[in-house]
């Protein structure tokens, strides 16, 4: 029982972090039907900025996180305006090239500026070995609680932005029917910039929530983003709520499956790269059998 | 004989000729001549390691050809074809090392296995569109090296795990080849290098011709039709599912052959040659060379090999802030930058630039499909009288 | 009668395909004008061209101001509303959200709220379903929503693209009656594009017939109604 609870708590922790990054992916996909292959390294870059502000410029950790979120939001807006908008969204190859290229560039710059070694990332929450609540013998770390709370707060903020502000309404309009939004006078370009800015900020936040556990190095987000993709795909690439639920499902499957698989002979190979394979399988299965995911809008399927 | 030029007239070409005319043929002949010269100069005048590099470029060229078939001509965004190349390479390595097969004998097996693998991936790809497909195939490229390193079921012992394995055999020229290619005066290393290059070159030529004919054939035009207008193609009777799956199969098989060539060229195989990084590099080679062109993949292969070579040796220390030391991570930024720049400025790759140059040199006027005397003809050559309805309109 | 919209020599193309070949027409303030045409004649393209949604040539003047070549969002801000073919609702958004989007460019929140009430009164079914997502409404209700949304912007000029498409005859009758009411009560000028012309001509003052991208006929509604060619082709007589 204790082991089970521990696995559940680990799942909650990862789930919340994946959820935040998955939201970033969903925001962009909703508005543009584009998949941002640079999302991972944009988040990585933002996390490095946070680290730099916190450890070298003496910012308090949450101050650093907010500052980095703002900076990356600005970066996201610029990326949309300069790199994405010039291209016809229905021709996918240029967008793939641009986002992959951007991803490489960001990783390279991070490696050049901050080195390829691993760095310790300061935790946004109390994280001493004694910082946990004991429930049923398992340890619910304060970090887990903090990550969950952060996720809920951000969801709340996102809800308010999307449903109570004019730009949020414009964003939902563009996501729903881009042509009609032009017909009501919405300026689609600036609205998309806003969407990318929001997504970039979310990505950065997601990175800061996991960085402590995985340690900071230029490829750290690239290794994790596949989980966020799996979560988003499972939830339906254009559903924010779906992405959150998908994130927890993916995290729980990983956490529970890994723990129990270790006990089944023949499945031990799963140990180090299990998680990746699970995520891959999730994506594959969802796209094969239910491309709209759990909560996404169904699109007309072609052969 | 020069025909009158009509049409867009975007600047005069140096030469204007009818398709099939003497001038046109001469131009083509000169083109082939330059090409043949290249085939001779490289192996016989350059040092061994350079010859080997060009061989590597050809191997990558074949891999990229496979990728070109699926992305360029079929319009299916498969970014994981490097996994098929890897499958080909490993198949060859295992057969040569563990089963003592002759290198060329491994090819039929490689083709069959990679074709099957391609079909396996192609079937689910039927239900996955556009960027989703890109996503899933990137995941494939990511996962393939991991699968090679699995310790269970003896996998990593066979594949050599993280480090891979070397190949026990090399391409040794048989005696008739030694005489034919004037190798007897050279030392063994040179003989091998030249022979390998010549074989690769032959393979490249054959695959080029095969693919060119494939593109022009009915199935080839079918898959291109699917790429450009799926609904239109379906309505015209093209069996969408079958074509897409076969496209996956064939492109995978070609990539597999390329992988096999690479294996013998490098004399070893390892997971790091077929990972995500190389998925990006081969993609970059393709777009730099020219997507959906017949020659772009070869240019891509050459660029891939020599850009990497350059990147490993480049050093830029002039401006203190922008110092790039040898082997610095910033060299990776160059590749990223290339991808972005290509998307903006040369989506057609170098081949599109080459075409612009060619148009300035010669303008070929295609022959209209008419019978002598100018009357219109049906496909089988029977003449049609004025005003008569043809085909479906009847 | 002041001229509100003046279209001269308007061309429009989709890529390499030219759909409109130099059409000329005008719409005066307060009028209801109809453009009739068969499928593929260019009716929808005309409205889209006026809104800057396709690549165009020629001149389009709104109140004497050239708007051809301008961005759709800018044209809308000048007081033009367009109900596209297929309604153009935001299917995942609620009825309320759809209506609020209609008033997106307006800054006078209080008056917008009053307008909301007014349109809810005119279309009580919309009021009932105001929190429902627009995609769950019936065809007729979506059309009403589309019209109400367009009117929420208090446009001076309203384009309607085949409003009757896909609707049951009784609903279409009701719909056109409402168009006439709106035109009389608010003075909004209307340009309606239709294939099935009976009801449209009943509420219109003038009309044009478009064929293969050219205006072939023009006249008062009465003239068009009694014209033999028009009757055969578009009135099913």
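Per-chain residue numbering starts at 1, and chain names A, B and C are given in the order in which the chains are listed.
By definition in this document, a residue touches a chain if its C-beta (ideal position, glycine included) is under 8 Å from a C-beta of that chain, and two chains touch if they have at least 3 such contacts.
Model, not experiment: these values are computed from the prediction.
Q: Just tell me the minimum hop count from subunit B to subunit C, counting one hop per pair of touching chains.
A: Graph distance in the chain contact network comes out at 2.
Q: Any idea whether A-C or A-B has more C-beta pairs in contact?
A: A-B
Q: Which chain's centre, taken as the mean of its Cα atoms, is farthest from the centre of subunit A?
A: C
Q: If you average the Cα atoms of subunit B and of subunit C to get two centres, how far apart are those centres in Å?
A: Each chain's C-alpha centroid was found; their separation is 52 Å.
Q: Roughly how far is subunit A from subunit C, centre to centre by C-alpha average, rounded to an integer in Å?
A: Averaging C-alpha atoms per chain gives centres 43 Å apart.
Q: For subunit A versus subunit B, what separation do you get between their C-alpha means, in angstrom?
A: For subunit A versus subunit B, the centre distance works out to 36 Å.
Q: Give me the residue numbers in subunit A that touch at least two other chains, ranges are fine.
A: Correct list: empty.
Q: Which residue numbers or ranges of subunit B touch two or more of the other chains?
A: In subunit B, no residue touches two or more other chains.
Q: Residue numbers of subunit C touching subunit A in their complex, please.
A: Going by the criterion above, the answer is residues 51, 53, 72-73, 76-77, 81-82, 84, 88-93, 97, 100-102, 104-105, 149, 153.
Q: Touching subunit B in the complex: which residues of subunit A?
A: Touching subunit B: residues 33-35, 37, 83, 86-87, 92-98, 100-109, 111-112, 116, 218, 226, 229, 233, 266, 268-269, 273, 276-277, 279-280, 283-284, 287-288, 291, 301-303 of subunit A.
Q: Which of the residues in subunit A end up touching subunit C in this complex?
A: Interface residues on the subunit A side: 166, 169-170, 172-173, 175-177, 179-188, 297.
Q: Spell out the part of subunit B that touches subunit A in their complex, as residue ranges.
A: Per the touch definition, subunit B meets subunit A at residues 71, 77, 79, 124, 126-132, 134-136, 138-140, 142-143, 146, 150-152, 230-231, 234, 240-241, 280, 283, 287, 291, 328-333, 335-340, 342-344, 347.
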